[in-house]
Every structure is written in structure tokens, then in C-alpha cells.
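Scrolling down, you'll hit the structures one after another.
Both of the next two complexes hold subunit A, though its partner changes from subunit B to subunit C.
Showing the complex of A and B:
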């Protein structure tokens, strides 16, 4: 009975999250980008001046909302648990390369589902690579991969990331002039996805709800496929499927009911996407591999950071650094396709993540 | 009885520990975890394998007695 209740909870949460994601596009977010943890962290990096790509600068309230939604609900449910110390620098590096993979594909695992639900068939190649990457990670888990144990930490330490989220919210609401925002000009009326967003309070509310639901249900895009391979446990995968189904249905309804088009089946001219199948797959392979070694997808890292997990907070910092590097050094793809620098970075990422896997296998002789 | 300490470890590691231990075909295990997610996941896995699970909580740690 309890297992059935858990499964229904995650299905309902997935359905709600899928509808919210599609509604955010209707209300102003870029197409197929109601939520994208990677894109939104990239835009936030731009808003904070960590990179200078003018098309992707906006302090996304959804990110703040997810962290605070998880924080508030974990407090209410007495699950706020400050802890850390499980190979923090390794996690930062894994977060960095997970972002490099995301920006090769142009989306995190969450957006991969939303791209599929918007009819973007390029995301199928991403999904194939993602599943392959998770398979690589699972091989290491089976060989005894571990980033070692966490330790309990003071409340002040565990509260740092939620506090940072509050500060960012205050900056956005009270002194937005300190931040950088994508702006349209006469010469360039469509500078990039940073220009497109729902109203601040709507984005914040959506983030709070999704953060809360993900905290309660432990929703994780990587965990779904990982647990299905490892234990034939499909609970988390149900959330994944529910988000896809709800977003697809909502996109079709919105296309029928409103003037815009929210579902276009095909490979060509998809919003914020490119058609290089090999690199879409390799980018998401890197994401799946790195996230299995991290123990969760970028969404899950935000949620855990909100629950007081400082290892996940550092992973989020790694994601932010990865986004800044990707745009400062020409690693991120665009609608035109991947860059040579990006391809080299993804290959380096796969090598580094493999090395991290090898160096962290517990053997009988290993100490600590 | 096989006793396992999974404190400080996050999923899927505690589930993998109990899964590996269960390959020996034993009837009784005890595993200690220190977070609810691991408690829920280990309980779900053990129940799927046909075991019954009883949980006691003390000082933020959960001790799961797993029996067939």
C-alpha cells in the first residue's frame, strides 16, 4: 500500500510539474524551456556578470524558488539536515563538466524531457546518450564507486545556499540595476533566450512549487533510469514519464487554444536546439555519467542544496562555474550547432569523469 | 545476522550494500542509515525482495531490521 502511495505521489507531482513547465512557456519563458536547470543557471551566471554572452543574462527566479521551496518544505517536514564532506571538490568538478555536457546539448535532463514533449526529435539523440551515460555510471557503482560518507554540519553551514537564494531574490526585487539583463535593441530585436521570461512572481511561485514537490517525492531525472537499470525499481522513472505526458498534453492543448505554437514535431528549426545528433548524444552522455557519479541530476542537486546538503551546494557552484566557462571560452552550442571548443571540452569531460570514477572505487585494500 | 553501517552514505549506496549482502541468501540483516531517503529506499528494496522491515529511530539514525 505504501509503495503504491509513493508511486501515485510521484505520478501526480510529475503531472503537476509538466503542466507548470508548459504554462511557463505560455506565460513568457523560451519555447520548450519552461524549466531548464542548466539554462537557468547559465542565465543567472550572466546576470551576475560571470560571463558576457549578452543573449543569456537573467536572474531566473525559478532557480531561487526551487532552492527555497525545498528548504521550506524540508524545514516543515523536519527533513532539513545540514551535512557535507563527501568529496566536495570532486563534486564541484563533476558539476562543472555536467554543465559543459548540458550546454553542448542545450538543456539539462529536465529540459530534455520538455524538448521531447514539444516535439523536438533531436532530444531523442540526447536521451540515447543520457541513458548510455547513466549506464557508464552504473558500471562504476557496481564496481564499488563511492565519494565516501557525509558528516553532520552546523545549521549555519547547511543554510548557506538557501541564504544565498534569499540574497539573490532581494537583489532581483530591490536592486535589479546591479544585475545584467539581456536586452533587445533595434539592430538585434531577438538577442537570445535571456530576453524571454514569465513575470518574476510567477517564475518564483513555479519554482517554489516544483522545489517543494521534488523535495517530497525525491524526483530525479538521473535516478529514474539509474534505479531501473540497477534495481528494476521504476518509481522515479514514473515521475520522468509523468512530466513528459503532462507537458505533451499541455503543449497540444495550448497550441489548439492559443495563437502560438507549442508543439512542432521534427528535427529542424526547433527552439534553442541544434541538429548535430552525435554531439547531442555525447553531451548528454557526459551529463548522465557525471550525474550518476554525483548521485542526482541538476534539479536534485538544487533540491538537496535546499535541504542543507553542502556537497550539493558546491555541485551547484560547479554548475555555475561550468556555465561561466562555457560562455567565456566558446564551449556552449547555439542553434547553429556545437563549437570545436565545445567538442574538445566534452571529450575532456568524459575523460575526467572516467578518471574520477576510477579513482573513487573502494577496494578491500583502500583506507578511509 | 549481518550488520551493515550505511551512515553518511547517500542513495543508491545503502541499497547497493543491502543488495550485495542479500546475495548470500541470508534471512536476517540489520542496516543503519542516517537519512530518510535511504531509509525509504532500503525499505522498499527489501520489501520487493520479500523481506519484512521494522525501523527504529534514535538520534537521527534509523536502524532497519530486515527479516524473512
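Showing the complex of A and C:
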């Protein structure tokens, strides 16, 4: 009975999140990008001047909303739990390379689902690679991989990431002139996805709702496939399927009801995507592998950071650094395809993540 | 009695399961129940007469007693 209720909670949360994601596109976000944790952290890095790719600069309120949604709900439910100290630097490096993989594919696991729901068949190759990467990570879990224990920390430490989110929100609302934004010019009226966004308060509200729902249900794109492989437990995977189904239905309804096209089936000319199947798969393999070793997808890292987990907060910093690096050194793909630098970075990433797996295999001792 | 042992890592759960098997305690690994924790790791569900029988490892986090309407935390290493 309890398990059935938990399953329905996850399905309903997934359905709500799927509809919100599609609605954000209708209200201004880039196509198939109602939510993309990687893309939105990348845009935020641009807004803060951490990279200079002019097409991807916008301080995305969705990211702030997810962190604060999780923070507020975990406080209300007495689940806010400041903790950390479980190999923080290793987690930062894993976050960094997870972002390199995301920007090879052009999306995080959440956007991968939304790309599929928008008819982008390139994301199928991403999904294959993602599942393979999770399989690699599970092999390490079974061999005794561990980043060791966490420790209870002061409330001030656990509140740092939610506090940073509040500061970013104040900057966005009160002094946006300090930030950098993608701007259209006469020569370049479509400079990139950073130009496209829903109204600030709508994006913030969407983030708060998604952050809250993800905190209550522990929704995680990586956890779904990991639990299915490890325990034949499909509860979290149902959330994944529900997001896809709801976003697909909403995209079809929006296409029928409004002037824009929100669903185009095929490989070619998909929004903010490329058609190199091998590198779509390898990019997401890196993401799946790194995220199993981290214990959750980028969305889950934001939610845990909101709950006071400073290891996840540092992972988010790793994601931010990865995004800045990817655009400063030409590692990120574009609609034209992956770059040579990006391919090298993904291979290095797979090697580094494998090395992290190998170096952190433990042999256990019982406590006295 | 049914107990739920939670851990800081999947490895901790694997290790505890192995020790339970050796001690002859019926145990199975599974995802941590949502009602017990907001973390999404692996736990071990153990059948034992007493919580003291449940092996504790370096990566043990909590031991909780499964009750009809929830869980009662008996031991915590946080």
C-alpha cells in the first residue's frame, strides 16, 4: 500500500513536471529545453562572465528555483540536513566531466527526455549511451566503489548554496546590469538559446515547483535506470516515463492549438542538437557513468544541494566550471556537430571517471 | 523484527549484507524507503531478534525498526 502510494506520487510528479517543461517552451524557453540543468548552468556561467560565448548567457531562474524549492520543502518537512565531507574534490571533478559529456550531447538527462518528447530521434542514441554509462557505474558499485562517509555540518555550511541562490536572484531582479545577457543584433538576430526564455517569475515558479516535487519524490534520471539494473526496482524509472509521456502529449496539444511547432519527428534540423550519433552516445555515456559515481543526475545534485548537502553543492560548482571550460576551450558541441576538442575532452573524461572508479574501490571492515 | 540499516554508500550496504549472510540473518538489499529518508541510496532490510545483532560497518549510517506506520530510528552514526 505504502509502495503503491509512493509510485503514484512519482508518476503524478513526473506528469506535472513534463507539462511544466513543455509549457516553459510555449512561454519562451528554447525548443525541447523547457528544462535542461546542464544548459541552464551553462547559461548562468555565461551570465556571470565565466565564459564569453555570447549566445548562451542568461541567469536562468529555473536553477535558482529548483535549489530554493528543495530548500524550502526540506525545511518544512524537517528534512533539511547539512552534511558533507564525502570526497568533495573527487565529486567536483566528476561534476566537471559530467558537464563535458552533457555539452557534447547538448543536454542533461532531463533534456534528453524532453528532446525525445519533442520528436528528436538523436536523443535515442544519447539514451543508449546514457544507459551504457549507468551500466559502467553499476559495475563499479558492485565491485565496492565508495566515496566514503558524509559528516554532519553546521547549518551555516549547509545553507551556503541556498544563500547563493538567493543572492543570484537578487542580482537578477535588482541589478541585472551586473550580469551578461545574450542580445540580438541587426547582423545576428538569432544569436543563440540564451536569448530565449520565459518571463523571470514564470521560470522561477516553475523551478520552485519542480525542485519541491523532485525533493519529495527523489526523482532522479540516473537513479531510475540504476535501481532497475541493481534491484529490478522500477519506481524511479516511472517518473522518467511520466515526464516523457506528459511532455509528448503537451507538445502535440500545443502544436495543434498554437501557431508554433513543438513536435517534429526525425533526426534532421532538431533544435539545439546535432546528428553525430556516436558522439551523442559517448557524451551521454560519460554523463551516466559520472553520475552513478556521484549518486545522482544533475537535477538530483541541485535538489540535494538545496537540502543542505555540501558535497552536491560542490558537484554543482564542478558542473559550473565544466560549462565555463567547455565554452572557453571549444569543447561544447553546436548544431553543426561536435568539435575535435570536445571529442578529446570526452575521451579524457571517460578515462578520468574510470580512474576515479578504480581508485575508490574499498575493502570493508566491521566496526568494533 | 524487521530492521532497515542505511549506509553512506552502496558499498556499505553490500558489506553489511555479506556480514548478515555470514551470521545467518535473512537480509536483502533494496533502495532506502522514502518514508525513512530523503536520500536515495541502498539499504539492507534485515530480519533479526535484536538490533544489536545487525552488523555495523565503517559506512553504517542508521538502523531503524520497521513499524506498521513508519520507522523508529534506533541508532545513528551521523
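Before moving on, here are some points about what is shown:
By our rule, the second predicted complex is superposed on the first by the 363 of 368 C-alpha atoms of A that agree within 3 Å, B and C clash if a C-alpha of one lies under 4 Å from a C-alpha of the other, contacts with A are read in each partner's own complex, and residues count from 1 in each chain.
The rule we apply is simple: a contact is a pair of C-beta atoms (placed from the backbone, for glycine too) under 8 Å apart; a residue touches a chain by one contact, two chains touch by 3 or more.
This one's a predicted model, so the numbers in the text were calculated from it and none came from an experiment.
Within the superposed three-chain model, A:115 lies out of touch with both subunit B and subunit C [touch as defined at top].
In the superposed model, A:51 makes contact with neither subunit B nor subunit C.
In the superposed model, C is the one of subunit B and subunit C that contacts more residues of subunit A.
Judged by the touch definition given at the top, the superposed model places A:227 against both subunit B and subunit C.
By the touch criterion stated above, A:295 is placed in contact with subunit B and with subunit C alike. In the superposed model, A:343 lies in contact with neither subunit B nor subunit C.
By the touch criterion defined above, A:150 lies against subunit B and subunit C together after alignment on the C-alpha atoms of chain A. Once chain A of one complex is fitted onto chain A of the other, the partner contacts of A:215 are limited to subunit C, with no touch recorded for subunit B. Judged by the document's definition of touching, subunit A residues 6, 79, 81, 83, 86, 141-142, 146, 148-152, 218, 223, 227, 230-231, 233, 235, 295 lie at the interface with subunit B and also at the interface with subunit C. Note for the complex: subunit C touches subunit A at residues 8-12, 14-15, 19, 29-31, 33-35, 38-42, 55-61, 77-78. Within the complex formed with subunit A, the subunit B residues making contact are 7-13, 15-16, 19, 35-37, 40, 44-45, 47-48, 60. Taken in their complex, subunit A has these residues touching subunit C: 2, 6, 74, 77, 79, 81, 83, 86, 141-142, 144-152, 215, 217-218, 220, 223, 227, 230-231, 233, 235-236, 295-296, 300, 304, 307, 362, 364-367. Across the complex, subunit B is touched by residues 3, 6, 79, 81, 83, 86, 141-142, 146, 148-152, 218, 223, 226-227, 230-231, 233, 235, 295 of subunit A.
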